[in-house]
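Just so it is clear, A, B, C and D label the chains in written order, and each chain counts residues from 1 on its own.
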Amino acid sequence: MMPDNNPSQPSLTVRELPEMARQIRRDLMKMLLLSKSGHSGGPLGLSDIFASLYFHIMKVDPARPTMPERDYFFLSAGHLCPVWYATLARRGFLPIEELSTLRKINTRLQGHPAPAYTHGVPGIEIASGALGQGLSIAVGCAIGLRLDKKPNRVFCLMGDGELDEGQIWEAAMTAGHHKVDNLIGIVDRNFCQIDNRTDKVMELEPLPEKWAAFGWHVLECDGNDIEQFIETVGQAKALKGKPTVIIAKTFMGKGVSFMEDNYKWHGMPPNEEQAKQALSELPPTKFGDFIEFEWEKASIVAEVKA
Amino acid sequence: MTKLVSRELKATRLGFGEMLVELGRENPNVVVLGGDVTGSVRTDLFAKEFPDRFISVGVAEQDMMCTAAGLAVAGKIPFASAYGEFATGRPFDQIRQSIAYSRVPVKICASHCGITVGPDGATHQSLEDMGIMRMLPHMTVATPCDYLETRKMIRATMSWNHPIYIRFFRDNTPVFTDDATPMTFGKANTLIEGKDVTVIACGLQVWESILAEEELAKEGISVRLLNMHTIKPIDRDAIVKAAKETGAIVTAEDHQRQGGLGGAVAEVLAETIPTPMEFVAVNDTFGESGGGAELMMKYGIAKDDVVRAVRKVLKRKKG
Amino acid sequence: MMPDNNPSQPSLTVRELPEMARQIRRDLMKMLLLSKSGHSGGPLGLSDIFASLYFHIMKVDPARPTMPERDYFFLSAGHLCPVWYATLARRGFLPIEELSTLRKINTRLQGHPAPAYTHGVPGIEIASGALGQGLSIAVGCAIGLRLDKKPNRVFCLMGDGELDEGQIWEAAMTAGHHKVDNLIGIVDRNFCQIDNRTDKVMELEPLPEKWAAFGWHVLECDGNDIEQFIETVGQAKALKGKPTVIIAKTFMGKGVSFMEDNYKWHGMPPNEEQAKQALSELPPTKFGDFIEFEWEKASIVAEVKA
Amino acid sequence: MTKLVSRELKATRLGFGEMLVELGRENPNVVVLGGDVTGSVRTDLFAKEFPDRFISVGVAEQDMMCTAAGLAVAGKIPFASAYGEFATGRPFDQIRQSIAYSRVPVKICASHCGITVGPDGATHQSLEDMGIMRMLPHMTVATPCDYLETRKMIRATMSWNHPIYIRFFRDNTPVFTDDATPMTFGKANTLIEGKDVTVIACGLQVWESILAEEELAKEGISVRLLNMHTIKPIDRDAIVKAAKETGAIVTAEDHQRQGGLGGAVAEVLAETIPTPMEFVAVNDTFGESGGGAELMMKYGIAKDDVVRAVRKVLKRKKG
């Protein structure tokens, strides 16, 4: 993929995004099959949001990952990084072949994000993995940009289970207090965490009321509906005087029938059989896979023969 | 001494999970706190059998430690567990004030410690946990070398009326102790007698050291091996004795070299009987993703590193 | 003061409480003058609440500080301890003469509360001083009591500035999730913290909405109005199904004109002149002071002579 | 070497606060985070002159550290400060992941460290902060001995592009260094030359050690005194040289004996040149309320304790 000449232009149209999201899902299944460890559920659920952010919404330039005009993105819930890596690769921040190194020794695709200037991936500003820290970082970054009167926007993606961490509410309070309105928080509201559904582990509702009481504008949307998500981010950008949070309802495991809405897929990779099944539910796209397995070639041969 | 062989591979964390259930059956005051990593730390077994005595606090380790302290104030016997870093560094001040300073006998039990947790990478590889916990007054710090020792330790906490931190691991690892192997907090366990050099190891490095000893024995080097399962209070007598009798010490741990087991041993030696020492430990660096065994080798805490360290310290040993 | 034969009986009537609160305020001024360091403002503001809790509301027995039927009290904001020490002394948990040892070496009256079974004061269950930890402890204690089907109640007092700490919101969430209704939280809403008024340091409003959104019953009252406070606690006890928080509005420095509502008195002791002025605004009570200073004797002599 | 005398009493924290203002004037990117202890840590001076670049986060130290990291990502030069324990132990995991592992050059500056903070008591007396911070890879840990050295250190952080933790104190203490006294991170400063024994001190124990040296000199004991202002990276060369040339070491610090400066020195000696050592430090206990000087004596970290330790280690020194 070529670096953009004008990074403020979306690199894909809204109509093209679903296919890219599907490709990211395919990438995820292949990456996780290869790594034999890592998180399937959250990343699948977030593919639509990541495709939207990186191919349509955010100002980024893969040729200049640290360009001063960039929008800043922080993944607070670091375990979701496989979808970030796949998206960054598809967007040109790293070679797609590298996706096969996820979680392997000496990789840049660490199990949880390592920052670019240690041994991580270009486009990753800072480490995450220990939950609850990213929103504070995003708030600090947004305040720093505002001090310099810069127009850049800051996005921060959080898990819903992650909201159990009190530091999120410290950061929420700080952002509210300082009226940090160049910041958009996104909560991946998939109602799942590791042990169970969120209401079983730790009730979060009424969640919109929580954010509102901490001084935020609150928007809600279907995070698996690309048009709706993009429209909601547009609304968020127009809101002033307070930070805005988008509570994006997603399905964990979205796109793979047997993973959908099932918390047990929080942290498991598919085995070969499951990956085959998953990929069969996610038809190939024009973007092409980063790797073709032996059994895929075989099955294509089989299809041709049939 | 019977030869130390690996009879099977079994996870230390499973020993924790199973023993919790046994203790739960024996004592109705045992309660367990859950921080949304129940399956990993194997408190799922307890949660299933005693749902009422399993208290979920969500992903909130600070809250977990203080909630545990409150349960203890109310007369319960709380076990709080999480991954190594999130059970120690994340709620450090909470442990310091509400458990250590307050001297409340909460049992902090962490799984997935050290670099061997593997593919999750640096943020999840606790390499400072023993060091920071041993700095706290009133705190006991212990780490089992295998599944069976984990069971013994967890049981022993029931009559150990102090705040305690126990560190164990994710992987299935060799079970080489047996029911008769002693485990008393604060008392190092001499696994192999020897006279040329002493290896003081803890956790998974005990097994690495057993393998190293085999190799060194072939070269005619007589290695004493101590399982220093309790980092605090550390067994000063065993260390001094080893220094006197063998004149050279190697420590081995899955932990930063600064401040951990090696640091604790160096402190004892410096004020008693200064002795050449080599440290087998992670050398002041964060970890990364990879397989447990791979990482042990890359970061210098595997069998071969123990062997090298022994050779090196023997060169330094005075005639 | 004699140990109660029946600790469930209030040891003072509502009518007697204001005088006890005034005595506690006098004690505070003398303690802090002697210690030359420590917190004046918060403790003065809380004297009415402490008098109410220990002399009227809570089940406590100074002769048996750890009696199984006791109500549990946790002071999350440990720096407020001078008012706790004065109250405990007045209630018979320790000799009132000991109040002169506040913050001195070898004292039981540590600058921040030490638990009874290390070197602290009977009636103090656990240490505090690092802010933000007490509510979690109270929740754990309340859950423990409930497991044993015990009727004891748990009280936890927090500062308003303390609510900046995320751990408070972790604990609030846990209590809401587990519907811990044997727990009453009290927020000392004095609108002051160290650096400034709370809205300058970190905006907390809308505070009732925050607690409600975390699953709590919310009551508000004037925390310097003893009758109102007692009535509000009565209401709180009747509320079921959720924990209850009482947002008690107090004035920092209450009772001493030049300290009232002034955040600068958060952490300062009075000097001799200020203490004299303060004591002149807080007339002596029937309970008597724990110490008489030379200059008081002199002034009595002066009065007699006049 | 000029004689070390106390020219005046002045607080290290004031040196921090004043220098922040100077740096703020010189560099518009300097920003300061406030955690509701502004007057105590003396960031009030900066806040007054640069209200826009002073960011209040309330009483929320975890948030403070990560907000600082975010400001650094946006190109700012953030100073985050609080009391010792609340600047280190409370946000340990935040510092670990978002500052140390991420290698973000946040400057963590803590006042009210050690037992000398006095009447506030144990919860406010950070006695583990240097130890836990030095366990973190990529982290620099330093502690000034007086007001002037504090100023130098704070200025030096501007060209020190690493995460750094600087520890200073509440009380007014002797100013005995002068403008010419060198301060380079990682390089111990030899304050007094000597040949019988070396005292390696940091923070307020440097002055206590100066007083101790005076007393010992009268007995004819020649004491070398190193101001080990940087605990990490520690000056290994200076330690080895001292061990070789004087054959006996005493460390002195206002900190737990396990894991702190003493621990760091013991580790270096163990793997280089094992040498008798005595530790002047708080001995594995929490502090309590009292006056700073009173507490130094009660907890064994005052001049007399240095004197005693020197005498003791000299007895252990080999012919």
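One rule holds in what follows: a residue touches a chain if its C-beta (ideal position, glycine included) is under 8 Å from a C-beta of that chain, and two chains touch if they have at least 3 such contacts.
Computed from a prediction, not measured in an experiment: that's the story for all the values here.
Common neighbours of subunit A and subunit D under the contact definition above: B, C. Looking at the partners of subunit B and subunit C together, the chains they share are A, D.
For subunit B, the chain whose average C-alpha position is most distant is C. Between subunit A and subunit B the centroid-to-centroid distance comes to 36 Å (mean Cα coordinates, whole Å).
Chain centres here are Cα means. That of subunit B falls 30 Å from that of subunit D. Rounded to whole angstrom, the centroid-to-centroid distance between subunit A and subunit C, based on C-alpha atoms, equals 47 Å.
Within subunit B, contacts with two or more other chains are made by residues 56-58, 60, 62-63, 85-86, 90, 93, 96-97, 101, 122-123. Subunit C has residues 114, 127-130, 132, 164-167, 170, 173-174, 177, 202 in contact with two or more other chains. Taken as a graph of touching chains, this assembly is complete, with every chain in contact with every other. Listed in rising order, the residues of subunit A touching subunit D in the complex are 72, 74, 114-115, 117-118, 125-130, 132-134, 136-145, 147-148, 166-167, 170-171, 173-174, 177-178. Across the interface of their complex, subunit A is touched by residues 31, 52-53, 55-58, 60, 62-63, 65-76, 78, 93-94, 96-98, 101-104 of subunit D. Interface of subunit D with subunit B (complex): residues 85-86, 89-90, 92-93, 96-97, 100-101, 122-123, 128, 131-132, 134-138, 232, 249, 256-259, 262-267, 269-271, 274-279, 284-286.
Listing the residues of subunit A that touch subunit C in their complex gives 164-170, 173-174, 176-177, 202-204, 206, 209-210, 212-215. Looking at the complex, you find that subunit D touches subunit C at residues 34, 36-40, 56-60, 62-63, 85-86, 90, 118-124, 288-291, 294-295, 298.
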